[in-house]
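The same chain A turns up in both complexes below, where it pairs with chain B and then with chain C.
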Partner chain A sequence: MPLSTQSQGDAEQYVLVASLDNARNLSNILKAITFKDHAIFSATPNGLKVTVEDSKCLQANAFIQSEIFQEYTIKEDSVGFQVNLTVLLDCLNIFGGSTAPGVSTALRMCYKGYGYPLTLFLEEGGVVTVCKINTEEPEEPVDFEFCSTNVTNKVILQSESLKEAFSELDMTSEVLQITMSPSQPYFRLSTFGNSGNAHYDYPKDSDMMELFKCTKTQTNRYKMSLLKPSTKALALSCKVSVRTDSRGFLSLQYLVRNDDGQICFVEYYCCPDEEVAED
Partner chain B sequence: MKFRGKIIDVACLNHFTRVITTISKLTKMCVLRLTPLNLFFVLSGKVANGGVSMWCELSQENFFDEFQMEGVSPEDNEICLEVTPENLSRALKTVQNARAVKLKLTSKHCPCLTIAAELPTLSSASRLVTHDVPVEVIPRRLWHEFKEPGMPDFDVSIYLPPLKTMKNVIDRMKNLSNFLVVEANLSGQMNLKIDTDLVSVSTHFKDLGNPPWGAEGSQQGGPSPSRDPDAMARTRVDIRKLQQFLVGQQVNPSKAMCNIVHERVVHLILLHEDVSLQYFIPAVA
Partner chain C sequence: MNCVLEGNAVKAFGKAIHSLSRIGDELCLDPMSKGLALRSVNSAHSAYACFLFSPMFFQKYNLGPEQGSETVQCKLLMKSILPLFRCLATVERCQIQINTPNDRVKIQFFCRHGITKTHDLCFEESEALQAAFASHLCPNVLKAPARVLGEMVMHFPVSQEEITLSVTPLRVSLRNYFEGGNDHMKIMYTEMSLHPDEFDYFQIGVESNITFCLKELRGLLSFAESHCLPVSVHFGAAGKPVCFSVEDMILEATVVLSTLIDSESPSQPAETLTVAPRTPTRCADVVPESPGEAATVPAGMELVASSQGSPIEDPALLLLLHHLSEPHYQERANSTPASSICSLLFRAKSPESGEGLPVLACCSDEEEAEEEDVMMMRSPTL
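Up next, the complex of A and B:
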């Protein structure tokens, strides 16, 4: 394969090498978290984690396990760097990012370590493109201290049901209010926009509800502008878990299947809007 | 000055319309030169259009069933008009299913290229459609500006890769940089490269083949026979100019070539059965 012969000589120098027969298995999931220019890459022997943050109030993470890659070699326990995500996506889609059947772009992603660019070798139809993207020292991602022991309410829904609601959300509403309760209305999304208030209710015995574990009634509001980007992750996913903890912090976890049917995860953490006191 | 032409064949009309639509995507205005045998669409390289120049040549008899013209004078048997190709394209698109389309140089409130056609309707009567596309007559003293460009003394000539692939790559590169380096050698290799503070990207095409100009020697403007086949000739151009050229291409050409004059100009040549299009993109510093 042309790509491996290209970088064979440098193989010893790379601390991270990850290859995919279909670059879309990386680019599609990255699109689900592209709402800011910069992304923090963190690679471990388990796989790749890509983090994007917004004003310390919102954090999105995409997880691509090492098994997804056709080749995944890492020489250290942890390799981290920061790159411009929009540039990376333009490079991953350099051959047009079309979804023509039988046509895919092969990718070999290589990194030599601190101070070196992220090198991508992409190939489609015999044409090879080499990209060198400058990296920066990775910032420390915010720790939202969201742990499962502190979770008060959790539901798992089929994405289908939420997709419709999210596509219709009143964008003139500054906040999205989420109510979760062991009793009516169980799971409710509310907006307060110029044309009035809207509520989307999901009963706990609905077909779409795969899991319902609510221990106490909680109503929290989150800035609409922060949650809007999560719609991209929702669009790609087949299932989503919505959890809130005692502080009202929100965790959205999306199960995404890639082109080859393999599973990857995207999660969003969001702080509650502080202007409104909890019920 | 007189000109009238008639197109009867629907495929010719289609093709003619597509050529003009392609031209309209390349430039807002250009010069149309009419001679007894040909039509030329010309854009001369001026600072205003970033130095880009274009020469498109159509052999009249491949399109027109009837073609009569009388130029400015018997010695200068030619008509030179400044036209807005988009207006012509729009007018032609409305008459695609006509049995015959007539083009005529007329003088209404100003000189016009009039496109007239009879369109079928559901009833037995037909509908007459006329478009008067304003043009400006170019005086003889300016004709020297619109002469056929000579073949540049290029360093490398190479066949282009599939235009669609080039366009896909260049569309993405345009997001990353304003400038692009086009380089090629006589071993059939071509690279497109961008290099900025944030990123450098280079796309490598190989086994493209080089047109056999060499036979006539360097008097014709060809690569010198002693040139190292692997040595790259390169020119840095404004990426939007190259993108604009590719956006316009609606039909796959039978031959597509690129001549590079090192650090001077990228000369693109597209040949279809009955149309040839040349596009010159100058180097930027």
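Up next, the complex of A and C:
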């Protein structure tokens, strides 16, 4: 691969080098969290985490483990920077994003450290493009303090069944209400729009329901505008886990398979709109 | 009312709603003892469609105790109900309940994998609108497989608003219709003809050229094609409404469209097209004062029986046939001295309503009325 024939000297100066034979394995997953321009990159020896936030109420994270990369070298315990995600995606797709089989863009992503731009070497069909994207001081992502011990209700569904519901959601509704309960209706999505109400019920014994662990009846509302971007992640995923904790915070975790069948994760955290009494 | 539809019936129901969405912005659900009617009218009251599903269409069909002769008709916004019937691939059963006390229609879809979708829609109560159309008095009747008509209209671009259907005892042709003479150079003219043999039933009592809105018809044609049903066309001279209908054992669908008045038709003197705003004109006389009038076949015309030897049937009485003994229609209030789409005025079912319903939309070509070089159809030569 041409990109790996850089001199040893060059490689010395980078604190992070990550290479992919197929840049789509990164760009596709980043598209699932692109609802804001800026993303916080946090790299550790385990892999890459990309975070996008909206008004401190919504946070999306994409995880690409080090095993996904053909080359992954990190010289520090943690490397962090912030870049414009839209620009990054444009660069990753600089060769037009052709989906013809056998044709892919190779990527080598390099970072020298604080104050340096993020350098992308992209190659397709023998043509190499070098992109340098300015980086910024990374903001501290909000800690939603969502921990498994505090989870009251959890379900894992096959994405196929949720995709239809989300594509039909009444967008005139300001909120999406999620009810989870050990008894009827088990798992329900509700909207309250201009023409009326809609409810989507998933019974606990549905064959789309892979896991059902609900301890307490909970109904929470979330702003539709905040959850709308998550449909991109849903579209890419094959499974989704929906968890709520005692405060009503929502965690959506999507299992995404990339072009090569490898698994990556995208998760969304969302604050509830308000405390809602039982309907 | 409470009814249940199973899988394929849900898809047909959805298709009917889709066809009705081509007509108007509102959908009326009218549960009756003879079935559930879905109706829609366009804002200009120049197009009306009705799909009637008999009780046999449903797995279960119950009218509530409050529904007797005074039925509750629910008016819903098309944009509220149409999206519900878009993705029906996983739907196994559908239940529709009309709950009068709280003005809600509950539509529940029972889907694969145990998933249930419930929609509670608000409705407005409205008086039942029906178009009274005496199809048995129409001199011209055509019947052809939906495919035949579908293949004819396929040649017109989707943007084509109006087309002209011309019939003589020897030929049926369809061509596109344009108003105004200024754009001759920019228009592509399309015309196709069919021989009477192509039709299952062919009866031409009056040679005529009728111009009507194609867009509003496409929905019914696509429904008919998907159900492989023949389409019947009942019409008369220009200016009188045309009715397209399909039916089978469990459902009937009808679209009634008004047609342009033709000043050059043989039975009117050939002079500048005028419309008398306040007095009834021919376009309003769908049901003539003397019952026998429209049935008279002008000299020189003949009834041509179907080449396939189908019996000359009494044109199927439309489910809409009510109040035949009250043959009057009101002229639209703002008719202009130009070619204009006639509006049909619908009779409300409840007796205490007023004489006529106001038409909300004026004809869009009012301004061009004076200079308009009316591009009317050539009078057929006998």
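As a working rule, the second predicted complex is superposed on the first by the 270 of 279 C-alpha atoms of A that agree within 3 Å, B and C clash if a C-alpha of one lies under 4 Å from a C-alpha of the other, contacts with A are read in each partner's own complex, and residues count from 1 in each chain.
Going forward, a residue touches a chain if its C-beta (ideal position, glycine included) is under 8 Å from a C-beta of that chain, and two chains touch if they have at least 3 such contacts.
Since this is a predicted model, take the numbers as computed values, not measurements.
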Joint occupancy of chain A by chain B and chain C, clash or fit: fit
Chain B versus chain C as contact partner of A:Val151, first or second or both or neither: neither
First, second, both or neither for A:Val130, with chain B first and chain C second: first
First (chain B), second (chain C), both or neither touched by A:Ala235: neither
Touched partner set for A:Ile263, first chain B, second chain C, both or neither: neither
Partner chain(s) touched by A:Leu255 [first = chain B, second = chain C, both, neither]: neither
Touched partner set for A:Val15, first chain B, second chain C, both or neither: neither
Which of chain B and chain C A:His199 touches, first, second, both or neither: second
Which superposed partner A:Val142 touches (first chain B, second chain C, both, neither): neither
Minimal inter-chain CA distance - chain C and chain B, angstrom: 5
Footprint overlap on chain A, comparing chain B with chain C: none
Chain B contact footprint on chain A (complex, rising order): 84, 86-87, 90-91, 93-96, 98, 117, 125-134
Residue ranges of chain A in contact with chain C within the complex: 161, 164-165, 167-168, 194-203, 205-208
For the chain B and chain A complex, residues of the former touching the latter: 161, 165, 168-169, 171-173, 175-176, 197-207
Contacting residues of chain C [partner chain A, same complex]: 76-77, 79-81, 83-84, 86-87, 90, 104, 113-122
